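One structure is given below, encoded as C-alpha cells.
Note that the chains are named A, B, C, D, E and F in the order they appear, and that numbering of residues resets to 1 at the start of each chain.
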Amino acid sequence: MKEKVFYGKGMKSIKEEYPDIYDAVVDLNEAVYSGKVLDYKTQKLIAVAIAASNSDRRAVKKQIMSAVSEFNVSKDEVMDVLRVVLLTSGMPPFIKAVNVLNEVLNE
Amino acid sequence: MKEKVFYGKGMKSIKEEYPDIYDAVVDLNEAVYSGKVLDYKTQKLIAVAIAASNSDRRAVKKQIMSAVSEFNVSKDEVMDVLRVVLLTSGMPPFIKAVNVLNEVLNE
Amino acid sequence: MKEKVFYGKGMKSIKEEYPDIYDAVVDLNEAVYSGKVLDYKTQKLIAVAIAASNSDRRAVKKQIMSAVSEFNVSKDEVMDVLRVVLLTSGMPPFIKAVNVLNEVLNE
Amino acid sequence: MKEKVFYGKGMKSIKEEYPDIYDAVVDLNEAVYSGKVLDYKTQKLIAVAIAASNSDRRAVKKQIMSAVSEFNVSKDEVMDVLRVVLLTSGMPPFIKAVNVLNEVLNE
Amino acid sequence: MKEKVFYGKGMKSIKEEYPDIYDAVVDLNEAVYSGKVLDYKTQKLIAVAIAASNSDRRAVKKQIMSAVSEFNVSKDEVMDVLRVVLLTSGMPPFIKAVNVLNEVLNE
Amino acid sequence: MKEKVFYGKGMKSIKEEYPDIYDAVVDLNEAVYSGKVLDYKTQKLIAVAIAASNSDRRAVKKQIMSAVSEFNVSKDEVMDVLRVVLLTSGMPPFIKAVNVLNEVLNE
C-alpha cells in the first residue's frame, strides 16, 4: 500500500477484524495513486485540497503530515493549494487548514 | 484576471451592477492563482478536484472546460485527479464528474 | 402554515399520504418562523443564505421567490445576503445563487 | 458485481478505458455489499438515505430505482428512510428526495 | 419522546427556555421514528449512516451509543452500515466513524 | 478591516508571510460587509447561520463571539437564527450550535 496516510488506528483494526474491507481499500488505494500522468506528489496535494475544502481538520492534518514526510513539501506549496481552497470554499475552511499547516510545520 | 472560468453570465452582471464585489473577486482571483511554487495548471487541476468532491456538476464542467482550453489537459490527467476524488469522496461524486468529463471531451 | 415556500408538489403528496409527517412539519415550521426577536423577513433572508451556501439551486430559487412574493425583497437585499455567502462559502455557490437571482428577478 | 446501480454510462466508459479503476471499484462494491449481519436490502436503504441526506438528486434516483427493481421496495419503506433524513438533514434534502420518490413510483 | 439520543445538554436548555421549539422537535421526532414499515432499529442504523456520511464525529458517537444502549447493536452491524459509507462517502468519513465505533465499543 | 472575526492566529501568520493573500482577503471582507441595504449586524447573523448550517463548531463560536462583542446580540436573537438552521439543516447542526451558544453566553 503505497499511501501510508490511512495506516492509522482505524485501518489497523480493520485489517485484523474485517480483512475483506481492508483488502478492498488497499486495492482501491493502489489504483487511485497509480495515475497515468500525474505524479504521486501532485495527487497528494490534491488530497490535501479536498480534505481542506471539506473542513475536515483530522484529514487535513493526516494529508499534510503525509505530504511532508513523503515528499518534504514546503509551506509555500501547501499554501498554494490552500489559495484555491480560499477561492472555491471560503474563509472558514481556508483558515482551519492554515491553522493546521502552521501547527504541522510548527511555525 | 488570469482565470477566465468565472467570466460567466453571473460575473458579467456583477461587474455592471456591483463593481465593488467584482473588483474584490478579481483581486482575490489574482492572489489565488499567483502561487509561489505550484504552477497555474496544477492549481487548475486542484480546482477541478474540489468541484468534483463537492458534487457540483456546474463547477466541474466550468473547471474542466477551462483546464482544457487553457492547458489542453488530457482525459488521463483529469482522470488522475478524479481517482483521488473516488478515494476521498466516494462513488457518487466520482461518477458524476466522470460523466461530465466524458461529455466535455465528447467521447 | 405561515411559510408557504414548502407547499410544492412534495408537501402536497405528503399531506395526503403521510399526514403525521405533514403535521409535524407544519408545527416545526410554525415554531421556526415565530422568532422572539428577529422578524420573519430577516429569517427568510437567512433561509436564502443557507440554501445558497449549500449550493442547492432548487432551494435557492424557492426561497428567493418566496422572499420576493412575501416581502418584495429587492435584488440589492438578496445580493447583500449573497455577499456573505461569497466570503464564507466561496465562488461556486455564490455564482450559482447570483444566476438564480438574475433569473428570478428576470434582469 | 452484485450492485448494479453503478452500471451507468460512467462505469461503462471506466471499464473500457481505465480497467484498473474498474476492478478496484468492483472489488470494493463486493466487500461493501457483503455485510456480515445486515442483509443487502437494508444496506440499499442505507444508500438511499445517504444519497438523500447529501441532496444528490441523481444518486437518490439511481438508488431508489435500484432498490425498487432489486427488492421491490415500497413507497412506505422509502418514506420511512426519508423520515430520518428529514430529522437529521432538514427540509430541503427531504423534499428533494420525496419528489424523486414520487417521480420513480410515478404516482 | 421515543428517541433519547437528543436529550443532551442542548435539548435540556431548549426545553426550559424555548418550549415551543422543544415541543415541535419532540413531535417531529415522534413522527420520524414511527415508520410504517421499517422498525425503529433499522431507522437508528440509518441515522448512524447519515451522521457518518456527514463526517460529524459528535453525531456519530451519539447515534452509535444510542443504538447500542437501545438495541444492543453489535460491532458487525455498525460496520455493515459503515461499509456503505465507505463506498458512497469515501475513506475519511469511514475511518472517522470506525474510530468512534472502536472507542464506543472500547475494543 | 471592519470584520474582526478573522483576526485569529491564522490571519496573523498570513499577514506576515503571505501579504498578497492577506490584502485580497481584507478587500473581499470590506466588499462583503459593506452591503447596500442590509446593516452589518444582519449580515453577521447570516454568517452565524451559514456556519451553523455547515456544522462548523469553530466558525459558529467565532461568529457568535463576534456578534456578541460587536452588537451585543442576545441569546434570543441567535436562537431565532438557529431556528432556521433547525428547519433547513436538521437536528445535529442545530444542537451543535445551541451548545456553542450556551457555552459562549455561559448560561
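In this section, contacts are C-beta pairs under 8 Å (C-beta built on N, C-alpha and C of every residue); 3 or more make two chains touch, one makes a residue touch a chain.
Here the structure is a predicted model, which means the values were calculated and not measured.
Each step here moves to a touching chain, and the least such steps from chain D to chain E number 1. With contact taken as defined at the outset, chain C and chain E are each touched by A, B, D, F. Where chain C touches chain F, over half of the residue numbers in use are shared by the two copies, so each contributes mostly the same positions. If you compare D-F with E-F, the chain pair joined by more contacting C-beta pairs is E-F. Ranked by distance of CA centroids from chain B, the top chain is E. Each chain's centre was taken as the mean of its CA atoms, and the one lying most distant from chain D is F. Chain centres here are Cα means. That of chain B falls 35 Å from that of chain E. Taking the mean of the C-alpha atoms as each chain's centre, chain A and chain B sit 20 Å apart. For the pair chain A and chain F, the distance between mean C-alpha positions equals 27 Å. Contacts with at least two other chains are made by residues 21, 25, 28, 31-32, 51, 54, 59, 79, 83, 86-89, 91-92 of chain C. Taken as a graph of touching chains, this assembly is fully connected, with contact between every pair of chains. Those residues of chain B lying in contact with chain A across their complex are 28-29, 31-33, 35-38, 42-43, 45-47, 49-51, 53-54, 59, 74, 76-77, 79-81, 83-89.
Interface residues of chain E, counted against chain C in their complex, comprise 20-21, 23-25, 27-28, 30-32, 34. Contact residues of chain C toward chain A in the complex are 86-92. Residue ranges on chain B touching chain D, taken from their complex, read 55, 75, 79, 83, 86, 91-92, 95-96, 98-99, 102, 107. Within the complex formed with chain C, the chain B residues making contact are 6, 8-11, 13-14, 17-18, 21, 25, 51, 54, 56, 58-59.
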